[in-house]
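Look at the two complexes coming up: chain A is in both, with chain B in one and chain C in the other.
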Partner chain A sequence: MSSAPARLRPARATRRGGAEAQARRRDGAWPWLFVLPLLIGIATFYLWPILQTFYFSFTEWGVFGGTTWTGIDNYARLVVDPKLYQSIGNTLLYTAIVLLGIPIAVVLATLLNTPGLRFAAVYRVLFFLPYIAMPTAVAMVWRIIFNGDFGVLNWVLSLVGIDGPYWTSTPGVALVAVAIVGLWSSLGFAIIVLGAGLKAIPPEYYEAAELDGASAWRRFTSITVPLLTPSIFFVTVVTTISSFQLFDLLYAILGSSNPIVPKSMSLVYFFYREGFTLGDKGYAAAIAMVILAIIGMATLVQFRLQRKWVVND
Partner chain B sequence: MQRTSTRGRMALAATAAASTVALLAACSGPAGDAGSDADYAPPASDLQAELTYAFWDASQQAAIEANLEEFNAQYPNIKVNLDVTPWGDYWTKIQTQASSDTLPDLFWLNGPNFQLYASNGKVAPITTLVDGGYIDTADYPSALVDLYNLDGVQYGVPKDFDTIGLWYNTALFAAAGVDEPTADWTWDDVSAAGEQISTALADQGVYGVAGGMDGQTTYYNTIFQAGGEVITADGTSGYADEATQKGLQFWADLIASGASPSMQQLTDTPADQWFTSGKLAMYYGGSWFRGAIGGSDVEADVQVAPLPRGEKQATVIHGVANVVSANSKNKQAARALQVFLASKEAQQQQGEVGSIIPAFTGTQSSFVGSLPGVNLQVFLDAVDYAVPLPVSKNSAAWNAFEAELLPEAFSGDRSVADVTVDLAQQMDDALAKER
Partner chain C sequence: MTDVAIRRRRGGRRGSHVLAHVVLGVGGVLMAFPFVWQILMSLSTNAEVQSVTPHFWPSELHWENYAVVFERLPFVSQLRTSVLITVIRTLAQILLCTLAGYAFARMRFFGRGYILGIVLSILMVPSQVYLISQYQIVQGLGWLNTLIGIVAPGLFSAFGTFLMYTAFQNLPDELEEAARLDGASPLRVFWNVMLPLVRPSINVLAILTALWSWNELLWPLVVTTYQENMPLSAGLATLVGDKNNTSYPVIMGASVMALAPILILFIALQRKVIDGLAFSGMK
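And now, the complex of A and B:
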């Protein structure tokens, strides 16, 4: 509507920087207006808390608020705290075990994607269920399975003559037990993402390979895996980040009063314990910044390494 | 992937920084005025107000609603909204509300958390309520009244209380051929009977007695029975004390002799579950354990005795208090409710409807009769020799150290003496920070 008079007055339209420039400026503003709600959301719920946490990491925080600036005290304390290194080690061990699930997921996703597989949808749902189940519910079930005296796992092991350990109350063993649950419950997500990646591989490649007489294994290693690397990369990055954030499974499986918790803490559990159990929120803020830095670095390294192994056509 | 425009990023950063500054400015204002406490007089019966009453135990809601019906008969225009938050989240929520001065008008507080709120001016003293004769502290167990007194100022009185007793399974005692506990049992009797039962019924996986990591039901009691203390009168740790160590050694010995399941077994399956599933003959448990017995497998075989003596007789006592927020906008109405809930009538009703022992002396008979045939009178008699649950301004901090270190002593990995020296030092550091 408003463009009609402009057409009637060519003199104005031909002036340099006139209507055209105006239109460009409008173009420049409109997209920003559309993403503004998102930007406000990100600023409010991500950037603001991060900056705040960064500030609080230089303070000592009273129980009911009221902070005192203490400079780098919290960080100085943190670098000599053995609990930091123990929880980093525990987090890395957990992440390593959970990442072992990705090759398993690749194989399972390929099998689920086999043409003509019956009940494929049923299998997909079954593998996906643990992923959408509440971590607390998952943990409660596994607690019962892991119970040293009355648990299913040790009962099964006893059938073949193995004396199972107290899974959730033995240092060292407990973290592995939690990681097994982590691996199991993240399998569904990986399978769905990888399954979508598999669907994107053109069937002609397989037809051609089959004509050339390539075996199923050869097709898997030479076509499926290379062409799936972008999906594998994505799953690896996401799984690593979520593994570094391990808290709920550990908290719910081991329980808050389990005496081995201090030896089996993840980084986020360490943060929680200092901030919410011991009430040292400034120190906890410093731990949170360290977690942010570690996850950032791990993700950066993964993106750098990506060039070496991810096939992008 | 896509390069963001520098200008966009700058704008974002500026916005974020601006809002942070705004927030910090909001935070740095002076802490809320603790509120001067004018003399209390019962409000006019037509006082109009809306209150929030927060607590954590949903099983007591029926009793509280019954209380409120009576209260509203007196004050029909005071509307009370109930706010129930499960135990696990209650303290996080209350602490957040306290930080932003939005505490509920009336709320439950317990011993381990009381001093933190009182010393920070978050709860209103009841001094004028006591001086005016609206609440008489002599009506409640004195050990519990003291729990809600800080530096000579009274902030609340207990609405209920709990003590600890020795719950036992008569069927397992009979099966093992061991005499049942009596009121004059000592530590030696528990150890001997525990060992005998564990040995006699080993093929059924039954244990005689169980330790555990809950101080209130286990080691605090034996520490006091041995003449030791958890926190000394001058506010330092009592763990390095020889008598205290003796109270801990009792549990280490029970585990070492096989009378009790190991620490690992008790981590996987807590002592109360061993007991209710018929795999444990003796359980050190609170009066509140009554609620877990009804409907359990062992319901017909349960009996209770006073805690066995060490050097002397002792039990931990604890109770919850109703406190008024110092910043309540309806303080007059909230205090009227606080006074009402502390009254004999309200407490009597709590005992009849709920599952707790009311704190008001003389209203406890309904509790005693609630498990026919079981000698629940034990828990009331225990008040005579009860010791308050050890607490400080920030109990949670050193409770965490207890939970971390004591298992090493109980399991026999390190000697009790070694562990308690470490524990005392860590606890002293935590206590020093409170001052």
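And now, the complex of A and C:
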């Protein structure tokens, strides 16, 4: 089996051309039969909505339906809306805290990949559970952990003499609480992706370093981290994009009727509130466009910065 | 390798194992604590949950809290909705995405590259951008508060198409050609010859679709207004701040039951799930 591809390659190259010509002749309407069901759905539920939302962002919605073209009014209103800046700030704070999990994940993934480590599979499952758990269901227990009066967190803090805050009803603090849960739930994903990156590092590098008497710490900083930078970059981009779309955890931990919501919203919560709680869909469409622009910019910036710190040997 | 080097290395390994077990053990406990605590609270009394010094082990196991879930919540209908959304979406995506992925990867037709490019460009757009318009469409079709309304957009997936496109692209030509020369129709080639070969990728697609469908909140929250029509994800979220449902053990019981199916599925298939999610990062 292993020698077959080498033997077949020249013959295959010529045959492939023949097959393609044959495919062109024979396929006829078949490919359309294969792709049309999907294309119709994608066009209806994704492509058309993207164009329509762009259009909606220039309209105002009447109470009884119908839209009026208002030009850039929504955007003009958005630029001076303090809620926009507040929700951008909240989203950035959340993202920054969740990104702190990546260095932690690098260390944990390295430890988890120690050759011959027992129970590695058990640890992997434990770290991964939060990532796959339904956000609204785990939010219920975190609400109680964060409870100001009888929460476990404040009880632990009281043991060391700290008087904990009312986590989910204090502006500013609430977002930190949600970010702690965000970090807890995203750590497993980072560990798995980084683990795949670690497996790709040739063991000879470590063997050589060990023979040269390099300490474990030295091996970690001089071999593991630099060679892992492509994976670290990848996890950073994916985590940033998903953090910018914070909604589920925030909504489920704070609730919709919490009076601090207007001060503690993420961008997506702001979008949801304007569009579906307050019913201002034109304004929400403009917010959606801002979210699109911000995520696009953040990704672009990260790819620019990549050249400065990612090691591509 | 010299004896000294071997000894040093073994010693070093054993030392780092202890450190690794301590760090991973503490981390693992912190990761698992909310789940364990949730189960314990679901078996406690409301007073125990609210005691200022945490009552970690309930003095008596109150299994009846689980029975109360069914009285206080339309739990059965929410569970059925969650199961149906998950199953229907998973089956639909497997069918539609494998068909389209196969055609994009292995058939020639007019505009193939451009069409694929347009489909994949959706991957870069955050879901909020299509939400309002999807709502309009579902409302226009009279599907608000219906199962079909919750399911509809998730039947189609650009990510799934991309996943299957790459899977089919990596297959060798020989088998397919042989089947074609034998006169099999393209549908037969696809179904009997090519589909079985991409089984691992289909598993990944199924697992991810099931996971995302089960956990999804924003879309169900937007298209459903009555608790009876919601899936569990949205149903649980509406309990927050609901003054009639302040029994914490009951809320915990409902959450435990909402988490259980996907967690059990994960523990049973952990290797596949973990590999699949590592791969999903590529999106």
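Basically, the second predicted complex is superposed on the first by the 262 of 313 C-alpha atoms of A that agree within 3 Å, B and C clash if a C-alpha of one lies under 4 Å from a C-alpha of the other, contacts with A are read in each partner's own complex, and residues count from 1 in each chain.
Assume a residue touches a chain if its C-beta (ideal position, glycine included) is under 8 Å from a C-beta of that chain, and two chains touch if they have at least 3 such contacts.
Since the model is a prediction, treat every value here as computed from it, not as a measurement.
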Key: Contacts of A:202 with chain B and chain C, given as first, second, both or neither   = neither
Ask   = For A:89, is the partner it touches chain B (first), chain C (second), both, or none of the two (neither)?
value = neither
Inquiry  = Taking the superposition on A as described, I'd like to know which of chain B and chain C A:273 touches: first, second, both or neither.
reply    = first
Key: First (chain B), second (chain C), both or neither touched by A:63   = first
Task = Scan A:135 for contacts with chain B and chain C and give back first, second, both or neither.
result = second
Task = Report for A:149: first if it touches chain B alone, second if chain C alone, otherwise both or neither.
result = both
Inquiry  = With both complexes superposed on chain A, which partner does A:37 reach: first (chain B), second (chain C), both or neither?
reply    = second
Query = Counting only touches as set out at the top, which of chain B and chain C does A:103 meet: first, second, both, neither?
reply = neither
Task = Using the touch definition from the top, say if A:259 reaches chain B (first), chain C (second), both or neither.
result = first
Query = Any idea whether chain B or chain C touches more of chain A?
reply = C
Ask   = Both chain B and chain C touch chain A; at which residues?
value = 32, 39, 42, 44, 47-48, 52, 149-150, 255, 257-258, 276
Remark   = chain A residues touching chain B in their complex are 32, 39, 42-44, 47-48, 51-52, 55, 63-67, 146-151, 166, 168-170, 255, 257-262, 273, 276-279
Query = Which positions of chain C touch chain A when the two form their complex?
reply = 1, 5, 8-9, 12-13, 16-17, 19-21, 23-25, 27-28, 30-32, 34-35, 37-38, 41, 49-54, 96-97, 99-100, 102-104, 106-109, 112, 115, 118-119, 122, 124-137, 152-153, 155-156, 158, 161, 173-174, 177, 180, 186-187, 190, 211, 214-215, 217-218, 221-222, 232-234, 236-237, 239-241, 248, 251-252, 255-256, 258-259, 262-263, 266-267, 270, 273-274, 277-278, 281
Request  = Could you please specify the touching residues of chain B with respect to chain A in the complex?
outcome  = 8, 12-13, 15-17, 19-20, 23-24, 27, 31, 92, 95, 98-100, 116, 120, 122, 205, 213-214, 261, 263-265, 267-269, 394, 396-397, 400, 403-404, 406-408
Key: Interfacial residue positions of chain A with respect to chain C in the complex   = 8, 12, 15-16, 19-20, 22-24, 26-27, 30-35, 37-39, 41-42, 44-50, 52-53, 56, 107-108, 111-112, 114-119, 121-145, 149-150, 152, 155, 184, 187-189, 192-193, 195-196, 210-211, 216, 234-235, 238, 241, 244-245, 247-248, 251-252, 254-258, 268, 271-272, 275-276, 281, 284-285, 287-289, 291-292, 295-296
